[in-house]
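So that we are looking at the same thing, I have put the structure below in structure tokens.
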Amino acid sequence: MTATIKLGQLAEILGATLRGNEEKPITGLATLQEAGPAQLSFLANPQYRKYLADSQAGAVLLKAADAEGYGGDSLVVADPYLAYARISHLFDPKPKAPAGIHPSAVIAADAQVDPAASIGAFVVIESGARIAAGVTVGAQCFIGARSEIGEGGWLAPRVTLYHDVRIGKRVVIQSGAVLGGEGFGFANEKGVWQKIAQIGGVTIGDDVEIGVNTAIDRGALADTIIGNGVKLDNQIQIAHNVQVGDHTAMAACCGISGSTKIGKHCMLAGGVGLVGHIEICDNVFLTGMTMVTHSITEPGAYSSGTAMQPAAEWRKSAARIRQLDDMARRLRQLEKRVGDVTPDGNASSDG
Amino acid sequence: MTATIKLGQLAEILGATLRGNEEKPITGLATLQEAGPAQLSFLANPQYRKYLADSQAGAVLLKAADAEGYGGDSLVVADPYLAYARISHLFDPKPKAPAGIHPSAVIAADAQVDPAASIGAFVVIESGARIAAGVTVGAQCFIGARSEIGEGGWLAPRVTLYHDVRIGKRVVIQSGAVLGGEGFGFANEKGVWQKIAQIGGVTIGDDVEIGVNTAIDRGALADTIIGNGVKLDNQIQIAHNVQVGDHTAMAACCGISGSTKIGKHCMLAGGVGLVGHIEICDNVFLTGMTMVTHSITEPGAYSSGTAMQPAAEWRKSAARIRQLDDMARRLRQLEKRVGDVTPDGNASSDG
Amino acid sequence: MTATIKLGQLAEILGATLRGNEEKPITGLATLQEAGPAQLSFLANPQYRKYLADSQAGAVLLKAADAEGYGGDSLVVADPYLAYARISHLFDPKPKAPAGIHPSAVIAADAQVDPAASIGAFVVIESGARIAAGVTVGAQCFIGARSEIGEGGWLAPRVTLYHDVRIGKRVVIQSGAVLGGEGFGFANEKGVWQKIAQIGGVTIGDDVEIGVNTAIDRGALADTIIGNGVKLDNQIQIAHNVQVGDHTAMAACCGISGSTKIGKHCMLAGGVGLVGHIEICDNVFLTGMTMVTHSITEPGAYSSGTAMQPAAEWRKSAARIRQLDDMARRLRQLEKRVGDVTPDGNASSDG
């Protein structure tokens, strides 16, 4: 389970400057506070600098400036957090699935499964699907008709792809995610909802990550599209016809309504909701639980909601918000009246 | 995969007035902007009228008024969006499952499965369950003891019904949905939560649609009830004992707390939350992410939340909201004082 | 399906004072309004006292004070709701799974499954996993490498545990829940997200309940930790490295961001969101849909958000909130000016 790698080897892999014993065996990673003498730690956030001196870590990834005063073994790198990200995969206890098809899997005669792919127990792969080399399809996954998974993909157990879902290379999908569900399309006929068939598909770029229980619906006519390098956390809802630009990241519980288009390099914090049929430009940051009801055309950070208060105070604020239009009118009125009797008469504009 | 239907046949199916070549083969549907010469499009929303003239669509579904100035082939109908909804199913690439039971399925000896039902791979059907004619149970579904699925239902792969879940006719359930989970019922005994068995079931009406990863809990004592024609999008939470009236629609990520009763023909936009033990009357529309903390007795539209702002401005607004009660009192005080010194003394009421 | 228990036996089980016919057969539980002559009901909430006199219930669980004026059969207890919780399990129609391993299950040679455990159809149990006595693993569950489930646990069908998930005794997990998913950890390298391996695990205490489709991610380095007696409802997101204290309860749709620590005996209503890296002390109550952006150090109730309004009024309030900083400054200005001309010059402080 536990890998053992010498400190010198880690330095070589990272291109880091080694200070200390290159023969020291490293068996894992931990924080400065929790690391033991066989573990590597890292100092990325300056607020943890206070833990460096007393850390029991066998070695520490840090910047040159922080290495100066540190007496223990260290690997000096330009970006310790990025170095930690790289090295973390060497110590990942995640089991590696062997290539080959589990005998219990049910695979359509005309599906194409590369011999270097791994197909787990109770997997179903339907007609015309294609699984490329180096792909792992975890146990209990369902791969619908004509769906495709590009090289090096990793599907955790119990991922569902409907038909006509096209996935790029090196895509990671966590358990419970569903791609290609039928979007919420209904026409109203005298109060009764008539279903609209969802005849588009889903297109996922390369190097995408999709979290636990996240749903990405198929398009109504054309495809729902997720760009390259997009990272989607758990419990996210992506409705039909949405487009998400390259390298955009969304934290958990976001909901994106139908036909909305999100730019590149955006970041959505947890619980953000977007209405349908709007466009968000590149490089937008939305803070947690923001409700977005119109397009955003300027990069930058945006928010909605109110700050938390003790509940008793909150009830007063909430009641006052409902009186706010009245308050604003009364303030304007007062300004006018005070303007009549005070020397510097003109009040500020009402906006 | 691709159906081909002559324009004349489509006119006949829809009862539409055909203008143009009845022999023209139609192979699919697309928007006015994306449709090619073998595709049918539609003009429903007036804001897309600008795309009509330049559309490459082989034919267009439109109203008589819009057909006047249009030179291409067309099908004239009273409601183009509804016509598109109807015709969409003819071009749906969704695979049709053959009747019969997959040999890998595990079915209790006393379960009743109609010979005209289709049961997929790795399905489990428990004791006393009943599957009617024309039902499709997708691969990896679980149908608990005594649960029933009415005629013509369609369960996508990996849907879970616990025991005693009764489903009407023509119900569609997307992957990952769970019906009949044990609701959140606990009695607090000196700080420790004691579980209450959830002994009710779930009753789902006819023509209901349930989205990806949506959860509908069983009742604590009586059933949780979903009316006829209700449409639930993805990632929705319906707690125990909730009742949802006929033809109500909820967009994704809504959460309905226990014992709340929602009327008929309501519409809940995405991310709406309702507290428990309240009643919403018929014909209520709740805008996105609204928090509903008390019953609604008048039809109409309701909202909560704040409008999005650039984060720097939002921080100021959020801070001011916490001062709002103080501001309101100061405003009232000012009005009184200004009333003492100005001619039109009486300020407006505090509400 | 239906248990029949004599009223005298129920009195004995509960240690209740029986008033009435100890031979009366009880076949189920129902509310005061819905109970029939063979059903037991309960009066816990004083607001339902009005239904007592006309109830058709065969017997009622109630307090001594309420029993005085009641003519029907009754079981007098100190806490009727708690008594109902205890007795409810006797009437639970949930099927009991027999001990043993379903022949379709795929179990690694070195996994340890106690003979008194029940393993359902299409279950996968991977290398080194351990399933204790009295555990039920429902159909289609996946138990990853080295994961452990303590005595008396109950997993509904289709629950997924990744590798290295350690679960205490008597833990209940509903369908669709995923424990041990890879948390959302990425380092940004010039706009491109580099994945950080999630090498920690998940530790779940005793007597925990986890709802439908809830996700609990594994830790990035150390474990994500859920304390004893914690109750998590449906559709919840627990991010990597979160710690939840003993006996805390969360209603559906809550989202807890990474590394946040929640105390003991807290209650989170539905849809609450917490940002990452904060601490919530013991005995905190968060009302529905509250957004928590900083640590809480004092026990008590907290809220955010705005109260619902008719949409037309809401639009005005929402517009005014964006003007609030301007309004506050104008109010301050007015106070200063009015202070110059009125007798009691000093306005209340701005802060």
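Per-chain numbering from 1; labels A, B and C assigned in written order.
What we mean here is this: contacts are C-beta pairs under 8 Å (C-beta built on N, C-alpha and C of every residue); 3 or more make two chains touch, one makes a residue touch a chain.
The chain lineup, named per UniProt: A, B, C = UDP-3-O-acylglucosamine N-acyltransferase.
Quick caveat: nothing in here was measured; it's all calculated off a predicted structure.
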Query = If chain B and chain C share one sequence, what is the angle of the rotation that overlays their CA atoms, in steps of 5 degrees?
reply = 120
Remark   = For the copies chain A and chain B, the interface residues, called same if over half of the numbers are used by both and different if under half, are different
Centroid distance [mean C-alpha coordinates] between chain B and chain A, Å = 25
Message = For chain A, give me the residues that contact two or more of the other chains.
response = 104, 122, 140, 158, 176, 213, 235, 253, 305-307, 309, 321, 324, 327, 331, 334, 338, 341
Task = Would you tell me which residues of chain B are touching chain A in their complex?
result = 1, 28-31, 34, 79, 81-82, 84-86, 88-89, 91-95, 102, 104, 120-122, 138-140, 156-158, 172, 174-176, 209, 211-213, 229, 231, 233-235, 247, 249, 251-253, 265, 269-271, 288-289, 305-312, 314-315, 318-319, 321-322, 324-325, 327-328, 331, 334-335, 338, 341-342, 344, 347-348, 351
Query = For chain B, which residues count as touching chain C in their complex?
reply = 104, 106, 122, 124, 126-127, 140, 142, 144-146, 158, 160, 162-164, 176, 178, 181-182, 184-187, 189, 191-199, 213, 215, 217, 221-222, 235, 237, 239, 253, 255, 257, 273, 275, 285, 287, 289-294, 300-307, 309, 313, 316-317, 320-321, 323-324, 326-327, 329-331, 333-334, 337-338, 340-341
